[in-house]
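My structure is below; once you've seen it, I'll send some questions.
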Amino acid sequence: MIVLVLDAACLALILLLGLGLVRVIAGPAAADRILAIQLSGTTTVGLLLLLAIRLEQPALIHAALVFVLFAALLALGFVYGTERKP
Amino acid sequence: MSGIDPFALAAAGLMAFGLYGFCVCRHPLRRLLAINLVGNGVFLALILIARRLPDGPDPVPHAMVLTGIVIAVSATAFGLALIRRQARPEDDGND
Amino acid sequence: MMLLDGVLALLLLLLAGRCVTAASLLQAIVAFIVLGLLLALSWVRLQAPDLALAEAAIGAGLLGVLLLGTWRHLPASGIHHEFPWPWHGMKQAVSALGGLALAVMLALALHETAPEPAAAGETALAQLDAAGVKQPVTAVLLNFRAYDTLLEMGVLLMALIGALIVRRPLQDGSRIAPATLLSPSLARLFLPPILLIGLYLVWAGAYSPGGAFQGGAVLAGAGVMLALTGLLRGASVDGLWLRGLLALGAIVFTTAGVLLVPVTGHFMAYPDGLVTPLMVLIEFSLAISIALSLLLLFTGTPGLARSRP
Amino acid sequence: MTLASITASVLIVVGTAFYIAGTVGLLRFPDIHSRLHALTKADNTGLGFLALGVALLSGSPRLAVLIALVWLLALIAASVACHLIARYALDGTDSDSEPRA
């Protein structure tokens, strides 16, 4: 039962990730594409947490942590140098 | 149907798209991305082959791919440095 | 789970296609970054959590930041839209046919090859007790195929040297101070847990997925975060200590290999009693060198300096 | 089927529902700022529910703390990322073909 719920949730999340790709492709602005990266990042973190339990690999939680960190870095890297002076 | 591994198709597709992009795209950054696609396809293929060991995945291809990821990134970083320099040659010497 | 794999593979193909056919450069880069995220998930599905960690940190994370940084530095005039679709011209059509042929052959090759146990992998698994670490991938990297890892460290340093040679001269002080106070405080909040995770991953490499490369990349990520929020900046002068730390991994690795030749009779062979502490020492020194090299590849400068607030 | 696993299932389903809401918002909302709002709030609430459910299932306090850390960092990162992207979009010259060097 619980396995079924986990599998269904994983499948739902990966499909949502696929749907989010519409924003990667359609844009229209650069910020939308970066937003799509943020969406993929959060969804991937959720998927990794689910898979950590489903596949019984606690190490995947570390991977989720690393993902959180680098998703933030990508947003920082994108706006770097474009910020207005105070 | 069950005989075909979707990841095998993905590996083949990644290499093919990479080759196509490398031939067709003109911007050097796009070509760099295309090479990375080919690399990712090769990594995927290696890991697929590593699954064939009966008791657990084969650690040797895993280690090779790990090495490969780092090498690919450092080579790409060098390529990016070259692209930056090529894009703005006028900045020479104004330190 | 089979369905999950199918969707994952489909999305990988979609993004790869998007990456080479996108009209604007940023679209291609974003497709590539998301491809990296999905590849990390694929590694999880292919029983390679080590690679998932490495891909998350290096493949999708650091490479993505580097690509976005380069995109930002390109002059607007140099970027023209491209429409690389197969029906756009003769060259495109021929390349598409070539790609298709390659894909079919590779898919057949991957599908047809008879499952044959690989000798090297079985030996590695059988000899795991002698390696000094419990994690097979770490054992292969640091012990059974230590040459590879040493040379990899060399390649990383060469790439750094190359990037420094071709870099544009740095204009000190031209870095824009972040206008929002939020991002430096983000960096201050994130720094302790990141450093902890990075060091933990290096340490944990001995018995669970992780190791010098993943840990080093996370540590480099911490540095990149400091650089992006203006707390740390690239400097055009370097210190001897920095060079020393860059070379530390290669030096410790080689020294351990050479000094123990009289004991074991082979280059890069380790005696039984010493093997575990040696592995830990080598792993940490490699992690430091990897983190610094990746960070300097990002800043593109030979040195680092603290920014004054 | 214990009480813990039933609770966890409910939490995971609720979390997934929030993810669906977030993605639909990203696709359907008309401008970048409302998309940001949909994504940052809904997805991180969804992640919170998922994390709670997964922590319940993990059954070890160590992993639960680690999962809580994932969520906490994700919240901080998402809020800062959202702020930065919103500021960038406010600048108005947003076009993905011309980077401002």
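Chains: A, B, C and D, in written order; residue numbering restarts at 1 for each.
The working rule: a residue touches a chain if its C-beta (ideal position, glycine included) is under 8 Å from a C-beta of that chain, and two chains touch if they have at least 3 such contacts.
Remember, it's a predicted structure, so these values are computed and weren't measured experimentally.
Peer 1: Sort out for me whether A-D or C-D is joined by the greater number of C-beta contact pairs.
Peer 2: By the number of C-beta pairs in contact, the winner is A-D.
Peer 1: Just give me the whole-number Å value for how far the CA centre of subunit C lies from that of subunit D.
Peer 2: That pair's centroid distance is 26 Å.
Peer 1: When the centre of a chain is set as the mean of its C-alpha atoms, what distance in Å lies between subunit A and subunit D?
Peer 2: Once rounded, the distance between the two centres reads 8 Å.
Peer 1: Please compute the C-alpha centroid of subunit B, do the same for subunit C, then give the distance between them in whole Å.
Peer 2: Using C-alpha averages as centres, the distance is 12 Å.
Peer 1: Where the CA atoms of subunit B average out and where those of subunit D average out, how many Å apart are those spots?
Peer 2: Subunit B and subunit D have C-alpha centres separated by 29 Å.
Peer 1: I need the residues of subunit A touching at least two other chains; which ones are they?
Peer 2: 27, 30, 33-34, 36, 62, 65, 69, 72, 76, 78, 82-84
Peer 1: Of all residues in subunit D, which are in touch with two or more distinct other chains?
Peer 2: Residue numbers touching two or more other chains: 69, 73, 76-77, 80, 84, 87, 96, 100.
Peer 1: Just spell out which pairs of chains touch, all of them.
Peer 2: A-C, A-D, B-C, C-D
Peer 1: Would you pull the subunit B residues touching subunit C in the complex into a rising list?
Peer 2: Spelled out, the residues of subunit B in touch with subunit C are 3-21, 23-27, 29-30, 33-34, 36-37, 40-41, 43-45, 47-67, 69-78, 80-85, 87-88, 91-95.
Peer 1: With touch defined as at the start, can you tell me which subunit C residues reach subunit B in the complex?
Peer 2: Listed in rising order, the residues are 5-6, 8-10, 12-13, 16-17, 19-20, 25, 28-29, 32, 35, 39, 42-43, 45-48, 50-51, 54-55, 58-59, 62-63, 66-67, 69-71, 73-75, 78-80, 82, 84, 86, 91-92, 95-96, 98-100, 102-107, 110-111, 113, 115-118, 120-122, 124-125, 136-137, 139-141, 144-145, 148-149, 152, 155-156, 159-160, 162-163, 166-171, 211, 213, 236, 290, 293-294, 297-298, 300.
Peer 1: Would you pull the subunit A residues touching subunit C in the complex into a rising list?
Peer 2: Touch list, subunit A to subunit C: 7, 10-11, 14-15, 17-18, 21, 24-25, 27, 30, 33-34, 36-37, 40-41, 44, 47-48, 51, 54-55, 57, 59-60, 62-63, 65-67, 69-70, 72-74, 76-78, 80-86.
Peer 1: Can you check the complex and tell me which residues of subunit C touch subunit D?
Peer 2: Going through subunit C, the ones touching subunit D are 24-27, 71-76, 79, 81, 179-180, 182-183, 186, 189-190, 193.
Peer 1: Please name which positions on subunit A make contact with subunit D in the complex.
Peer 2: 1-2, 5-6, 8-9, 12-13, 16, 19-20, 22-23, 27, 29-36, 38-39, 42-43, 45-46, 49-50, 52-53, 58, 61-62, 64-65, 68-69, 71-72, 75-76, 78-79, 82-84
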